[in-house]
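Letters A, B, C and D mark the chains as written, and numbering starts fresh at 1 in each.
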């Protein structure tokens, strides 16, 4: 199999950097084009990018001339576009690329709730890829858009999947402690967050509350029937560099045992594991037994950031129908760039690429 | 009215320092004795204490010779003991002082669940002071012990009180982000928490889940009938200096409107306000309208740390019976030292002192 | 004496907020006008400003309508303008105000090295105020500009003044650890500084190396002869909220004893102390004996942030001519807003106002 | 060549963990024994250790039963002991092991200034290994002790070596910003350092001022003649996780050009590079051209933490004899564990092992 040609749009941002890093050593993809904003365009990538974590860029990628992402009118020798750009720009770039026949795997939030655009977490809902065919038909073009979810929704839905294999859920309540990298490099002034907590992230609760039922929904007769449980989220920004921590409180429809849940989580594997995809972690969920885990500093890079780490799975005193646990995921990798690459791999495995 | 003589046990610890600070300018109390561990005993207080925040100690208190708290066999010319010591020591010191006729207002966790020991949040359950008489009778001594609650329970119960005036509660779910000062000066190594979150605080969830129903319980026929709602807590330690932040999700027995709740909170006053007690904040609950408040850095010292600050009061999408909000309180002041002093004031007002 | 009318330009920035705070309770000045950027203009100050520290704004100041600082063509009933604006704007606003007869006390860096513009640290070089007369004459207007220095230079020069009363200095070497507030509220992304150090602050070393000799220079025959010692600075940004910490290594022209230096520092008073000016700290230099002081968290607000705190004054092993010490100052107060107000007071005392 | 058998004393501490990590994949050494304090003794290493950074322990090392380091009377089938224990214990353990014929490579500070004990930075002073023979003769035993230096001295001396190849130095002045990991896991309470700076580290300045002249001294006639330049240090603890940052101000005996110094640094290689030792970084000094580098977050792991990173090499305005630069090194790796392993390799290369 010859390698597929990949382009990254928004290559200098935090998610873009992680895409470059993952794809630079990927067995199936070659990075051939990098797009960024006008001020980076024309520069070599190694000159345009300001790495947020230390990482030695392979010479060949560093030498690529960055193209301006605002002009996507050209014809590109590219098999797949990875998009990690703000929603306002994605709004016109992504459909335009799809219209012209390209495959777009996108981390931006726009169009996630579109009926024909699947949000894919490869271990959770690979059957939703079927929407692609409907998207192609309805739009009458061979290109298409697939979305990763909101970073917190990605982590949450993966942790919920094995539970949904055991029981039906009535309601989940979620409190998040999200790292500063989730806001982008310039997103959060240090004066605002050093030694502080901000109990609010604009639009974040809405995204999670909307996307989660779609991701965990049933694909049926060409439509996704959203999962029917209630969901209520409260989001907080905390002075942590990377990794989103989530407190989950779950109300099942019937009694459920924490020990069984922990076991179901740690033995859970999905299609990426069965297909042995290159970016798939051996197990997507690590369950820690220690009372004080997960922790961002210790667990954010578990299995290269592709595994989420769960701890403190326990019933509460109110009822055996109630369960609570803590889950941590790398917002940059599992929450964005890593899942995008995993989607590309599963698209390839299923001949969408 | 001549001033009452106050002693502080555990005067060099973080809560002890806050007790000194509040009492040093108090119109009703004079600090006459300071007790601490053996290694401080014999030194002047100004030499024994290592202030954790800058504060200019009044000369007279600084000159007091610290006494060893392990020997409390003496006879003291003291009207009230404020105790801010670890539970293992409090276990024998506090009952011994009570037995010998002294009044003990204590921040330690031991004996909080004792049937005859009231946990008092003066704005919330001043009627529980009645337990003191039963404690005296049952133990056959004039001295007695009154407890402040766990710091998080203090903040929570105060925020819940005006809601309970509006509706009955079915269940509350609580996720906390607690500051490092809650662990004591030496409690948390910097290597453990810098840029990190620890999703666990030993025994904390149990304390909150036990104490809250007692505080909000009904005093009836000489007993406290615990409040009947369910409560489930998940506690987290975050790299914040002072101030505990709490995400509250509440399920009421009937529909409840967030706007009414916010109004009930901000107009709420309790007995300390009615009695115009010296340490009582003008309003015990401040409700902020901005979406991104409260924040520890900005709000921890609201009304000298005696007001809790609530924000984001809102219904959720699941049902009008569901309400969520964020609340911040100063764990050192409202959560410990300030409430202890407010208890002393209400004891005085009701002639227990 | 009736109160003087003060205006603040750049009133919503961090230094502007500190000016408002200090002036709001000032016995000599009334804040009558507030100027800020176009996006704040027209709003009430209480709506335009986003406090970076909690502070209760007096109602009367909060009600002032913010004016647009880009239009200063009006005629104002103002006795003194405090300017805390970026240099690019100050470049034209400040001379224009002076030209039209107003007194401008400015925290911006532009014009500091102008021959006729004095940089004043009231305890250090009040005799440089004489330059004002020369400025007026040369520019042929009654208005004038006086500058505070760079924040680090303010702290440094105050610490050096009592040493220069004892000995001549050959060279000083300075390593700074500067807090994030020095960069302005939006100046430093949290991703750049959380758990990190940036060993560079643009133009900062140059400013300190230029301004210090001017401040400590000799006013003689209508000119300032810069102080003749060498100075070499290396600046670092650290994850501290407020307060600049400085390591000073000093090479005197002759032997000098650390004990005498410490004594000279702690007994030092300047003209503001002799005149008992309202904002003057009782002693401008506090010398701590503990080996581990000063510390930003503990010492930044010493004497309302107007005192600098010195520690670890010691000779080194190389030679008795070498001395080293640590000094901390509040960059917002002593380094900017507080010194500006102190300048206004000394101007008033000397009838320049 | 069969592998040498290595033991680690103090295996559960921060430096011990780094020794385990480096040695676990080492081509020349096998970890066969692990020693720690009494409370770890008897447990499997994987149960006794609490990793401070996430790291997957190889199964075979994790299964080793930890032995009590207080009893070293046994006879061990060990070729080299790596010691990373507190000085009070090292005082008797290390000489005892040497007396009984073992080779001890030690990170503890005791005995560093002993005339017969070399402090080795393999790129800087490998010729000092000759002291080993004198140690053996004088103590009449085949075993011996070699020391790594204080972590800051290790970083500093490596940065100075290429400069000393260019010019003679009159004096160096050093201001450090040291990370919390340097104090050990429990060394620094979070309340002391969060958002703060402590301008003092006990005994640290003395160690650096003593060790540096020894490391950079001339081995001559069986003795080390200490380097003759003056040195003055001021140490600060900052809220950084790992990596020590150092501001260096250097006074050369003659004029020296910053560009030449930068070139000499980046082209510098030492014996470990020439011998191609397994742990030797390709270049021990990386020189960054950007004005804002090095930074702990970005540069602490450069070349696996074995390279130091230098930036801002520049002359100052006082004189061309004056030079300043910033240098960062990983205190755990280059400052301790990595250098210890590099010493073992050079000992092996020279048949001391």
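Going forward, contacts are C-beta pairs under 8 Å (C-beta built on N, C-alpha and C of every residue); 3 or more make two chains touch, one makes a residue touch a chain.
Quantities reported herein were computed from a predicted structural model and do not represent experimental measurements.
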item	value
Chain whose mean Cα position lies farthest from chain C	A
Centroid spacing, where centroids are CA-atom means, of chain C and chain D in whole angstrom	42
Chain B, residues touching no fewer than two other chains	194-195, 239, 241, 297-298
Topology of the chain contact graph, where touching chains are joined (line, ring, star, complete, other)	complete
Chain D-facing residues of chain A, complex	51, 53-54, 194-195, 241, 297-299, 301-302
Of all residues in chain A, those that touch chain B in their complex	171, 173, 175, 177, 195-200, 202, 209, 230-232, 234, 236, 238-241, 245, 247, 249, 291-298, 311-312, 316-319, 322, 324, 326
In the complex with chain A, residue positions of chain C that touch it	14, 52, 180-181, 185-195, 239, 241
